[in-house]
Each structure stands twice: as structure tokens, then as C-alpha cells.
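I'd like to ask you about the structure that follows.
For clarity, chains are labelled A, B, C and D in written order, and residue numbers in each chain start from 1.
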Amino acid sequence: MLGALGIDSVDVLFEDIPAAMRARDLDLPDALTELELAARLSELASRNRVDLDSFLGAGVYHHYIPAAVDQIVSRGEFYTAYTPYQPEISQGTLQTIYEYQSLIAELTGLPVVSASHYDGAAATAEAALMAVRATGRERILASRAIHRQYLDVTRTYLGDATLRLDELPTGPDGVTDLAALETALLSDAGPVAGVILGQPNAFGVLESMTDAAGLAHRAGALFIAVIEPISLAVLSTPGEYGADICAGEGQPLGIAPQYGGPYLGILATTEALMRQIPGRLVGETRDLDGRRAFVMTLRAREQDIRREKAASNICTNQALCALAATTYLATIGPHGLRDVAALGAARARELERALEAVGAPRIHAGSYLNEFCVRVPHAQQVHQALLDRGILAGLPLARWYPDDAQLSDGLLVCATETTTLGQIERFAATLREVMA
Amino acid sequence: MTIDAPPAATARGAGPALQPTLAELSRPGRGGGKVPHPPSDALDGIPTELRRASPLGLPELNEPAVIRHFVNLSQLNYSVDAGFYPLGSCTMKFNPKVNEWAARLHGFTQLHPLSPDQLAQGTLELMFDLQSELAEIGGMTAVSLQPAAGAQGELTGILMIRAYHQARGDDDRRDVIVPDSSHGTNPATASMAGARTVTVRSAPDGGVDLEVLRRALGPTTAAVMLTNPSTLGLFERRIEALLEAVHQAGALAYMDGANMNAVLGRFRPGDAGFDVMHLNLHKTFSTPHGGGGPGAGPVACADRLAAYLPGPLVVRDEAGYRLERPGERPTAIGRVRAYQGNVGVLVRAYAYLRAHGAAGLREVSEDAVLAANYLRARIGEGYQLPFGGPCKHEFVASASALRRDTGVRTLDVAKRLIDHGFHPPTIYFPLIVDECLLIEPTETESVDTLDAFAEAMLAIAREAYEDPDRVKAAPSSAPVRRLDEASAARQPRLRWSSAR
Amino acid sequence: MTIDAPPAATARGAGPALQPTLAELSRPGRGGGKVPHPPSDALDGIPTELRRASPLGLPELNEPAVIRHFVNLSQLNYSVDAGFYPLGSCTMKFNPKVNEWAARLHGFTQLHPLSPDQLAQGTLELMFDLQSELAEIGGMTAVSLQPAAGAQGELTGILMIRAYHQARGDDDRRDVIVPDSSHGTNPATASMAGARTVTVRSAPDGGVDLEVLRRALGPTTAAVMLTNPSTLGLFERRIEALLEAVHQAGALAYMDGANMNAVLGRFRPGDAGFDVMHLNLHKTFSTPHGGGGPGAGPVACADRLAAYLPGPLVVRDEAGYRLERPGERPTAIGRVRAYQGNVGVLVRAYAYLRAHGAAGLREVSEDAVLAANYLRARIGEGYQLPFGGPCKHEFVASASALRRDTGVRTLDVAKRLIDHGFHPPTIYFPLIVDECLLIEPTETESVDTLDAFAEAMLAIAREAYEDPDRVKAAPSSAPVRRLDEASAARQPRLRWSSAR
Amino acid sequence: MLGALGIDSVDVLFEDIPAAMRARDLDLPDALTELELAARLSELASRNRVDLDSFLGAGVYHHYIPAAVDQIVSRGEFYTAYTPYQPEISQGTLQTIYEYQSLIAELTGLPVVSASHYDGAAATAEAALMAVRATGRERILASRAIHRQYLDVTRTYLGDATLRLDELPTGPDGVTDLAALETALLSDAGPVAGVILGQPNAFGVLESMTDAAGLAHRAGALFIAVIEPISLAVLSTPGEYGADICAGEGQPLGIAPQYGGPYLGILATTEALMRQIPGRLVGETRDLDGRRAFVMTLRAREQDIRREKAASNICTNQALCALAATTYLATIGPHGLRDVAALGAARARELERALEAVGAPRIHAGSYLNEFCVRVPHAQQVHQALLDRGILAGLPLARWYPDDAQLSDGLLVCATETTTLGQIERFAATLREVMA
């Protein structure tokens, strides 16, 4: 190629970099052959401890992932394609996104679903910004009982300028204080764009979403639900309780925990808000011969077309994770999904009984699905002692809620369909031993 | 239920057939066998009013139907694994398979993001090393691996710049300047961060017009965002003067490093004076694009901004590696992700880095730039090249003469490329070039492939003169012909109807 | 070098393109980076005359080229994962994906076959359980998992029978009787084992002609090999009398159990009086066919043959599971495989068994037989059905009337099915049926698929009357048209020329 | 479907099974859901110990398998297809087999390669039968230094009737005794159809194949080489030393050990013997439009056409393993393959030095590539003691050669490119410790 270009060194092609700015040699570890690289990476992977009996959830859950899911997402035709800009040769990606939208619409009861956001937290933040855009208001109310990280990210996204986020307190039963919500909606801190509650909330407790939605709507605010998708197989849906937007983490739908990502930010809304939703949308259409086909649509909301007026800056998203979720839902089916949700609930009740019996009772009275908080004296030390015995006893809450006395000795624990009765027994027995 | 797709029968032999949707394939009673049934009282603890009232209308399929559906759909896709994909600005290079293997190792995938540090030493070490190596590549001090994509990296960087100005009491700096050639995420990011976007016109050579920029700079300028090499594939030749002007105005310089594939080991933005940048791991470091994502857009910054990087970073102390604790770096702008980032993507990028080393990375850029210049010369035989060379990793061509002479537009050329077996380049972007084609071959393509692509492009140009209607009717050999995008937008049908 | 395949350019959009060979893709200097270089004196210990003299002319490719080559080639294949594959006698059922996952578990794949038993307890337990479960399914006493395929299972069984007769001093029993409907491996096996093959004509109803068989039986008969259900898809109705005759003649009865998918939980060959049989795990137990293999063909036998099974079997004692030691069962016929068998296949079959249980396996056969009878009825609307029903897992149809009336042959029908998106059934086998089609739908296909296939078959029959040349010209939509098989055999070109 | 058939129970379809022969309910363990099955299989897999430093080879080797190989053989389009009876829709399988044949021809120097046999042992046995067919003679001579299991299988295949197999002794240097071969060829036990030697042989020692081939040919016998394919990157090829047939185990070419299979039986021969080779052959041809394409050919040798006159009963073979080998060779390339072979040799020499230094010298004087025998007093106990310390010290030979005093304290050890210097050091140090 050098010859064809009439040059004798590739250096010629880099002469546009000012001499003063040319880099010195990079100081990086030596290149490895694939054999050596594989050994290095195996060794790193084996240094992680993933063999404990884990009761840790808190927004990310260990679910069984059918083998079919990995077979599909490992297909090069899917994972080495990019954004389907050329629909004629991208019907695979386009149809799976359309199917994803349809499945999540069915699950959430909200008809308009975007093709994916970075994660549940970013989707929540985008939902808040969406409420701001849709209402022209600048204030968001969010329950303190949505995941801490989601609150953090939403606050980061809202920035420091004109937008503001106020937290709503929870009562001793673990449920968001709706009286406080009512007061906040009427306060003179400014009209509220959106109210955000989680279902189940960050303590695993179930909220009165219908009531909260009613209060929000009466004040002209949008109601935003932060959901966990598998729970929607059995819990009332955002569509049913009148949410305007729902956001959530799609990780439970066939995506491994992998220390934080890639995950799947779910974002869904009503027909009325369709043109406000950020991110990709795929729609059905026809080709010149009348064949059904799929295409990216309502593109005028996106950054590459609208630039500074776009609904969001999102470009690369989490499409392959959406494909994993689509494959997961197609494989597990409606009955399977209900079984997953209900079996997790059943195991969690076993867990509650077992822990209570050894002196670790629940903290909150509110009902729960598959995750709840227990009180354990010296929670942090007990947690460490259990770790040493091969048990990951959920999340110590003091670190995340340092100012909350009720939670200072709290552990947030969960069960899923992968939790065995044997693990529960061992947890309880070991806890008794450690606390003694 | 009607299935609009042609029956599977007519098409498989002839290549992949369009497929019915999952809903259309659903049959009551299919599926099951994946998880045990729960006891019947499993949900007794949930008050009725909190339970789902509407039926759960998900499709019912068995595994054979699911697999066949997605295998067939996959074959409707064009992909890097199957062919040349010169989508400009996207760096569709080959994705080494050992990286996929690594990212699927049990020890990596099963690690919960809230695991105590002591359980996560393998991934933490990997992230720590990756932070350091990316900092070295960028000539920067510190790196956050949190951002999930380039756009989120940009948002992170602009928020950091805002925090920096505010910490200095410089509250009025709310403008972000971007050239009109910039990637759409740049202005969109500025708006999202609550800034005012100021767009400056490019000079005729494709670079920033220094005079225009100088006029735009002022006491309200928070930052200038510069894509370098630019989306035109050009290294910003006036970069020294430009950075000087930015800093003299009290503003900071953000570099959109999505195009670093062109200058690895040749140019370190930190050395040059940029204050903060992002890298697109899914471009430069070969993590696959996933049909739209996931990627990762780590942010690297110079010393003066390190305090503002979102937490938690990975740090090392006596006990090993750990995440920063909440509040440990109080000036941090806060999280931009729930957890530590797209770790599965980071594993792949780390593998890529370790496979290459310093010399290998430099070679990557040399080969990418060489391929682009070679292809540029060949394409120039039949298309306009609006800007002088050399280019970096990609180049802009234009079908303006073709359009003028034959009525065949860039869109038609792109569609006709499909019939020739290639994925079209990026078209009509950057917006500032007439009948634009943005072509990025990457370093992983052979000269045979580049030649075949060039021949196809030139053949289409000839065909445009001889038989323009044929070009305008393209593609004729894809699974579908051109789509009615207008009515898709007019009456959006974004899901199947739930009554099955 | 000339590439005869159409350039990749013309075909991708239209479906998968033919590909150049690896040799044609080779370019000097490509590749590398997989393993470290050895020290330069690595081979100094090897005398020159023992070293390779000719250049090692393997192709040189980099990983992107390799992946693209094989991904594109794969798309030229028809497969169960992509469509209906009613290849009679082959049981092309769906292959559950969890089985693939399991077979790739590190603990299974990395185990060396000569590992001490104490290191192999996981695989040994799996094999022990599988031995027992296959024995239960066959109604037999003992099982060897060694044979790699049905044909090797047959050889094993016949050698065991020979050993049995010899141990009784019955040295003259060297004849093996097979019906003319039997699978080709049966007579070929007999020859390979040094026996004389005696073929007996089938009765008009497709079953064994008892009279003919009785006449063939005698003091030199070692065994009768019976495929049951037969390759005509029929259960051998006269089986009681038949087995009695065999045993009365002092011969043993071998059952080719490749078609057990029809009768799981309904019929146990051991109960019925068969002495030895093989099972095709790649048919009945859903291990994939791999484009021709691997499979596994375990042999199960009744008490009186157990002493002759090839060793080592897996046994259990106080210390756990272990392989039989050399010489432990001195009457064993000896090994038929270097090691313990196609263990990776056994893992998949074990997974399949455990996923189904007794009721599930019975359901498999019910569904397979129901699907076959349903499809048989539908195909009968346009084709001849030479034998009465019910059939078992597969059935024979014939295009003899079509041929007579229109000149369209079974081969043409098969090729035309390709244009309809289906894999053709087995054709011209068994050899005893005129213009034969052997159709096996399997239990994993939906009624929608069966109907679509039947419609296609019937449409082709209609088309044969209306436009026979179109059928004879099929396929028209596959990657290639019909091939010149004659000159391939006349002047075999079995490899690329090594001068590259 | 029942309705369409006019029956009300599927039982009707099974009435052709005589009542007396209908099976009782099968006694099998209960069905497992996929989640439970995955747990059971994970547990079984984890019960195997594959974490030791292994120096065990003896015909099956731990080589690095590039990740590309698994990506390709995991494609459903390849592994869920069957024998390419319909070439128009099987060009993928057909072309890869043709490529496999070409690559193995290049490696072995023999032009005709069959598409695969069950394993190296079965291929050796088929080679012996092929020699019998081709020469019309009934006696095979095989070195005792081909793998014991190969001898066993060949003996099984030859049966007990008219065919006979005699073993050739080896000398103290580990090399087959060619004087004995000469004598055996002339003995009155009958004319010899084929002579089989291994290269490297079962002791890791390199034979004088040229000389052996010469002797065989002079006696009108065919010469059959049992080869290890990676060694052919550096060792003289069967084509070079005049072998008529070569057989071998293809496992080293990208196939995991997996306790014995599936593996890949390699079988190659000369043009002269083309029509004698058993198993599948794929050839190049054209379609009606003149396009190059591939098809199964010379089918008249196969069982489905020739029945009792077929060259072998083989039907299902090991095609997917041949695909793995093809992908492996394409990925690793000629330089890489040479590196693999030479690096194994280099590591083996390190191993020899290290073991010798701690008192475990080689047994044989003959040259070797990457595997050799060492003498260790109380080999069996030492082997067990090393096992307890996480080292798999190769193969104790006494079990396989109980009557050979020279080998009674022998261990057969090997190194490959995956063996690290650290492992070698640890082996030597631990051996010293254990022997002390």
C-alpha cells in the first residue's frame, strides 16, 4: 500500500501531528501471545471469589440463565454488527429490538419502550429529565427508598444548575411516606415535574404505587416507577397503577452480574409521551414490495440528527443486552417467568423464617417479594464472619444509610429461584453460630 | 393471526428469509422446563391489590422455536464477522475471539457488583491496570472506567469541567463550543449538562477556523469540545494555537477521543494540553458493537480535573485493590453509573491492550491510517475528495458530481453497495459535506478487501452513468428492498398488539 | 491464483456466497500471535534426517480472515438450528443448548483420558449412571459406552456374539443374517467382523419374511441383525416368532437400536429376548450430528453376553468409581476405542436423559410417532405409501406414480423441496422401495412445521404435472445448482494443489 | 394431530408392539428442570480434578486451543447439520471437509485423506484392514511401541479368524528392532500385509522410519505410520519416508482431552490406494452453471451403497472434530504450528534436564521430540505422592508393560507449549522431596 501511495514510510502520514506534540514511546506491559493472555485472564478470573452462598441482591440478582441465551448472544452476526443504519441488511437486529420493545411493553403495561439505556440508574435519570422536559418544571421528588446509586446518578444527571431533586422519607414500615409526598408536592419549593418511587423499593418493601401516582397526578406531576422486571410477572404493572414512565434495571432478564455491567436500562412510557422518550425506537413498516420490515423511527429525537436539541445524547446503547433479555423472555415464557418470581418469593419466605428463628428478625413490617431487611447485632462484623465461612450475607446497610439508626444493624438479603433450601439452612445455622 | 413475512418456505435456499415475530410463533402451552414450579402458596404474602391484574401476554415458545427464530434473524444481519463494514466514525474493526472467551469466564461473570472488595481482587486488579494503561495512552493522570459509552463519557467530562469552574467560583462559564463538524453527541451532551451550545463553522480545509473560534471564546466559555482526529478524518493541524486560545480564555479543552484509533502511540492528548477526554473502547480497543452496544467510554483527565472524576475509582493499598469508599473523594461529581461500569466490556479491552503492547498499538494506528489513505486514493478515482490528504483513520468522499450528472445520490450508492456484498459507509455525516460518504476501513482489513470495495464503488459510479435507475432501485438482493420510513414515523407501530 | 467462486461482492446481500478456499485466501506473512516463539535451539536434539524436508505449505491467514471464512461457510449449510430436517433414519431432532453448555464445562473438557480414577470421579459417576440408565431403557444387563457410533456398536456386538459362540466351542457360526431392508452398516459390519453376510428378502408388508428367515437359519448362523423399528419405520410385528426361531437355531439376536426414538418406554429389546443391541445417542438422545459426527453408539447386552463387552467399563466400589483394570474381565473382546468413548457426547446424552426422566422419554416417543403418522397421512394425499400404517417414528413414501406420469423423480422432488426452504428427506433408501422417500419428522417439530412441509410436498406434486421441467431444474435458489457428481468421481480432486 | 388421524389416544399407534412385550414403566431418576440439571452437571464437572500441573501425554496432549476454534465449532449451522447428502445446501460442511483433506495432505505428505475416523486407534485398525485388502495378505506386523491401546483396538478389529497381528520388539534405546522386523518379514508365518510403526513412538522416541519403510516394501508389505500431527510441522513426513498409509490421532489439533473423546482419527494414503481408503471423501466439482462446488465422491466404497462389500462399515464419523482441526490449522498457521512443536520440544528438554538433576534420568537413548521415559524408583508410589501434591507426573508404565523390567520403574512424561518453566521447576523440586 505504501507503494501505491508513493511513500516509503508510514511516518509521512503522521506529519500532520505537530512535531512538539508527537508522543514518546508508550510505557505499557509487553505484548502477550494468545496463550499467555489466556493464562493471565484465567488467573485474574480465578482470583475473584464467586463460590460463596450469596444472599446479595440490592438491585442485581443471580437468576438462572437458560443456555439458549448465551448461544444466541454469542452469534457474531448479532454481536459484531452495529446500529442498524442500513435496515435492508439489519433486519435481524431491528426485529429483535422491536420484539424487545413489545415484550417490555407487555411486562410493564406501558406501550412505548426505548431500545435500551446504559443501566437502571441512567434510565431513572433519563426519566427524570424526561419529566422535566414534558412538564417544563424543574423539581423532582424521589423516594429515599430507591436504590442509593440510582439517586446518586439521577442527581449527577440533573446537574447543579436549575434542576433540583428532593428526597422523600420512608416510614418505619419501610414504605415511602405518602403524607410527606403530599406536603412536598404542595411546598413552595416549586412545582414538581416528576415523582419517583421504586417497586419493590430498595428495602425490598412493596409501595402503594396507586396512591402515590394519584397524588403526583393531582399535582400535575408525572409519576415515575422504578421497577424490577421479573417482579412484574406477579406484581401490579406501571400501566395498571398509572405510571407515566417506568425505568428499571433489566439485568435479571438473562444478564450475568459481571461486577456491574453491561446491563440494560429499561425505559417505557405512555403514548402521550412517545415523542419525549430518549433513545432508539424501532417501528414496523413495509418495503417497496410490501413486505413487512422494521426500521429505526422517530429519529428526529436523536443526537445525530438533532444535535443540541436532541432528547438525550445517547448514541451507543446496550442493544446486545436487550437481545439477551428478549431471548431470555422468549425462552422462559410467561409461565416460567411467573415461576421464577414466585419461587424467589417462596424461598425468601423460607429465608425470613430461618433467620427469624436464629434471632435475625425483619426490620420492616411492609410486605415484600423476594428481598427484605433483617436486624443483626453488629451487622458489619457478622457479615465479615459469615464471609469467612463462605456466605455472602447480603448487603450491610449502614454503609449506604449512615444516618439511619433503624438500619445501622441492618442487612438486606434476598433469595431467588437459584437459592436452595440447603443454602438457607446453612446461612441460618452459621449465623446462629457466629452471633453466639 | 396473519404472518406478513413470506412463508419460510420460499426463501431459505435463496438466503435468509424474513421471520414471523415471537408473538406470531406463540402457541398456548408451549415452553416450560427451565425452572422448578413454586409451591402454590408462594405469593400468599402479597396483598391482592399489589398483584398483577392483567394477563401476562408473553409469547409461549419452546426452545427449538426460540433458537430457530434467532438463528434465522441473525442471518438477516450484516456483521463484521461476515464481511467488510466500513462505517465511518464507528471503527468496525475485527473483534478478537479470545476477548469474548475471557469476558465469559465464570469468575468474571458471576461477580456481584456490590461484592466486598476482598472477593473481587481479580476484576479490581484488571480495572486498576486498565485505568493506568488508558491514562498512559492518553497522556493523562487519572481515569474513570464508569461511563458506558462515548456520549456518557462526554457528559462526565463536561460535568467535571463545570465542577472545576465552580470550585474556582467561575460560575458563569456555561457555554460549550463545538465545531460544526463535531459528532452529534458533543452538542447533545452540552445541552444535557445544562450548558449552552455554541457551534463554530469549520475552515475550508476541514479544520477549526481559528478566527471564528477566537471570537466565540470568552468569559462564559466553559469548554471547547474537539474531536481529534475530526469526523472528517483529519488531524487538527492548528491544534497548538487552538489549545493556547482556549486556555488563554480561561476555558478548558475537552477532546472527543473516539477516533484515537488513528493516533495510538503517536499523539497523547494530555501531552498536547487537553484537560479531559474520553476513549471509545468499542472502537479503538475492539470490543464488539453488539448491534448498537454495549460499549464503554472511559474518561481520562489531567491532574487539575482528577478530583472531579466520578467515583468510585479503583485504588490500591496494602490490603490489595479496592473501590473508593463513599465520600472518600468529596469533590467527585458523583456517580454516572449504578456500579463500576461495563465491566464485561472492560475485560475485552484489557485483553486487547495486553495482546498488543506499546509497539502493537502503534502498529494498529499505522495500519489503520495506511489503509484509509490507500482506500482514499482508490475511491478518489471516481468520487470527489473535498479535503486534502493525508487523512487519518477515515476519510470523506462525496458523490456530488454523480448527483449532478446522473441524479444518483449518495444514498443510492450506499444501497447499491449492498448488492455488491458490502456494508455501506456512513452517509450524510458529517452534515457539513454535500452528498457525504464517511469511509473507515480499519486496520484489520486486507488490501484484497480494500481493492474489492474500491472496485465496487467505482463500478457503481460507472453504472450511475450507464443505468442510473438500476442504482436507484438498489438494493435488489437484500432480504428486503428500501423501506417506507416516512409512514413508519407518521404512524409509529412500536410493538405488536398485545391481544394475541 | 484464480478464485472460481463468484466474488464475495455479488452475493452477500442475496444470501450466503460461495467462498474461496483457505489456500486461496492465504497471504505470506499473515497470522501469528497465538503462541510464544521457541528458543532457536529448540530442535537441536533432532537429527537432521528425521526432520521435515518439504516446506510446510499450510495457508497463512490472520484471525479475521479465518473467522469470516468459516462464518460465511456455515451460512451455506442447512441445519436443524435453522430449519426442518426430516432426514429419515437420522432422527434430526433439536439439540438442547444446555447440553452444549454442559459438554464445554472446564472440568469435563480438560480431563485427560489416562487420568488416575481419583481425578476423574465426576465423569466416572456420569458414565456409571449413563451405563445403568441405558441398560434400563434397553432392558439389558450391562452397557459399554465405548463405541463411537452405531456402526462401531454393531461391530462390537457382532464380535461379542462371535466370542460367545467360540467360548462354547461353536466355532462354525460365522454367518450373519440381515433383512434386505436393513441399514447398510449391518451387512458392512458383518463383513468387517469376518462373517459371511446372508441377506433375506422382506415380506410384502415390509416385515421379515419368517419362512425365508427360517430357511436361512442353521448351524452356521452366528446372529440375526434386526433393525427394529425397521428402516421402513415399521415395528417388526412377527417379532415373537422371529426371536424364537433365531434362538431355536442356536443363533443370537442383535438389535440395531438406532431407531429407539420410536419406542422409548414402550418396548425394551432385552425384555423381548434380544441378546445385544446398540443405541445411537446422536439420534435418540439428541446429541448433535456435527455435519457427519461425532456421535456415540453404546452397546447394551443381556446377561449371557456381559462377559464379552469391551473394557474398560465403569464400576463402583468402596473407593468410588473406577475403570476396570486391564485384564480384570479376561473374556472381554478387547478395546474398540483407544480410551473410554466419545465422552463429550455422553455428557450431552446424560443431560438429555436427566432432563426427561421416564415419563419424558415415553412422551418423546409418543410425540415422534404421532408426528410421523400425522405427516404420513398428509403426504399420502399426493404420494404413494407402499406399506400400511401405523408407522413408528418415520415412514416411507414413494414418488413412483409421479415418475410414471410426469417423469419427475424422487431426486427432483427432493431438490425442489430446497427451493421451498426445507431439507429433503432421505431418498432412494431403503433400496428395496421404488422412488423411495424416507421421512422422519421427530418429536421436536410443531404441527405448523409439519403442515408447511406437507403443503410444499403436495405443491411439488402438483407442479410436476403442470411444469415438470421446473421441478427437474431445481434447486434454483440454493447457493449452487445441481452438481456434476460423475466427473467428481471420474477425476477425483480431493485437495487443493500444494503449490501455492 | 390425534384428531386428524381419527384416533383418541396415541396408544393406538403402539398396538403393533405385541402385548407381551410392552415395557413396564422405566425406572429412571426424576426429570430435572434446566436449572436443576445445570446445577447437577456443574457439580459433576467440578468433581473432576483438572487443576493439577500435568505432564501426562501418552497420545493425548494439552495444547493451547485458540478461542476462534470454539467460536466456529459452536455454530449451530455446523454442529446441527448432518452428512452432506444434499450438496446444494451443504457447501459449508463440504468445503470444510475438502479443506481438512487438503491440510492433512499437506501435513502428512500423503495426497488422499479421508474425512475422519473415530480416533487414532480406530484409524490404525482401519489402516491394517486396508493393507489386508490391498495386498490380499493376512498378517500385520506392529511395533510394540505404538500406543498399547492402538495395538488392542487393531487386534480387536482384526478379529480372531484368519487375520493375525504380530508385535515387533524394541531395543534398549526405545527404538523398534529393525533386525527383528527383517526376520519377521521373512518368517514362514505368512506374507506380511502391513508393517506399523509409530513416530514418535509410544515411548516418545523417534524411529528410523525410512529404514523400516524400505524393509517393508522390499517384502511387498505396505508401510503404515502412526503419527502425531503437530510433530509433522518439524518431523519428516510419511510422504517423505515412503509410508503407504498414515494413521494418527488428531486430538492435538484443537480438540480438548475430555477424558477420551470425541477425537479425530486421521487416515491418509497414496493415490495408488485411493479406492481402498475407508470413510468419506469430498471432491471438487462444478454445478450446472459452472460454479466450483464440493461433493461427496467415490461413494461406491461406502456402506450405504455397497453394503457387505463396502470398504468399512463407517457411517457417522467425527466431522465436527475435523472442522475443529481445520479451524485450528487455519488459525495457528504454518509458523505457529512449528512454534508449537518446537516450543514443546524445548520445554521437554528443560524437563529432561530438571528431572535428571534430581535423580530421574531418561530410560532410552533414542532421540525424542516432546515426550520421554524417565526412571524413578518406586514409580507408582512416587506418582501417587506427587498427585497428592498437585502434580500429575505422567504415565506409570508398569501398568501398561507389566512384563518389561526396563519399564517397571518408568514414567512417561511430556511437555507442550502450555507447560511453564515454573511447573517444571515445581515438578523437579517436589520429586526430589518425595524421593528423599
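Simple rule for what comes next: a contact is a pair of C-beta atoms (placed from the backbone, for glycine too) under 8 Å apart; a residue touches a chain by one contact, two chains touch by 3 or more.
Because the structure is a prediction, the values reported are computed rather than measured.
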item	value
Identity of the chain that, by mean CA position, is farthest from chain D	A
Pair joined by more contacting C-beta pairs (A-C or A-B)	A-B
Distance between chain centroids, defined by C-alpha means - chain B, chain C (Å)	46
Inter-chain centre distance, chain A versus chain B - centres from mean C-alpha coordinates, in Å	21
Interface hub residues of chain A, defined as touching at least two other chains	34-35, 38, 64, 66-68, 70-71, 74-77, 88-89, 417
Junction residues of chain B, two or more chains touched	13, 33-36, 63, 67, 71, 75, 78, 81-82, 96-98, 100-101, 355, 418, 475, 478
In the complex, chain A residues that touch chain C	33-36, 66-68, 70-71, 76-77, 88-89
Chain C residues touching chain A - in the complex, by the definition given at the top	13, 33-36, 67, 71, 96-101
Partner chain B, residues of chain C touching it in the complex	7-17, 27, 33, 62-65, 67-68, 71-72, 75, 78, 81-83, 94, 96-97, 355, 418-422, 444-446, 448, 452, 455-456, 475, 477-478
Contacting residues of chain A [partner chain D, same complex]	34-35, 38, 64, 66-67, 71, 74-76, 417-418
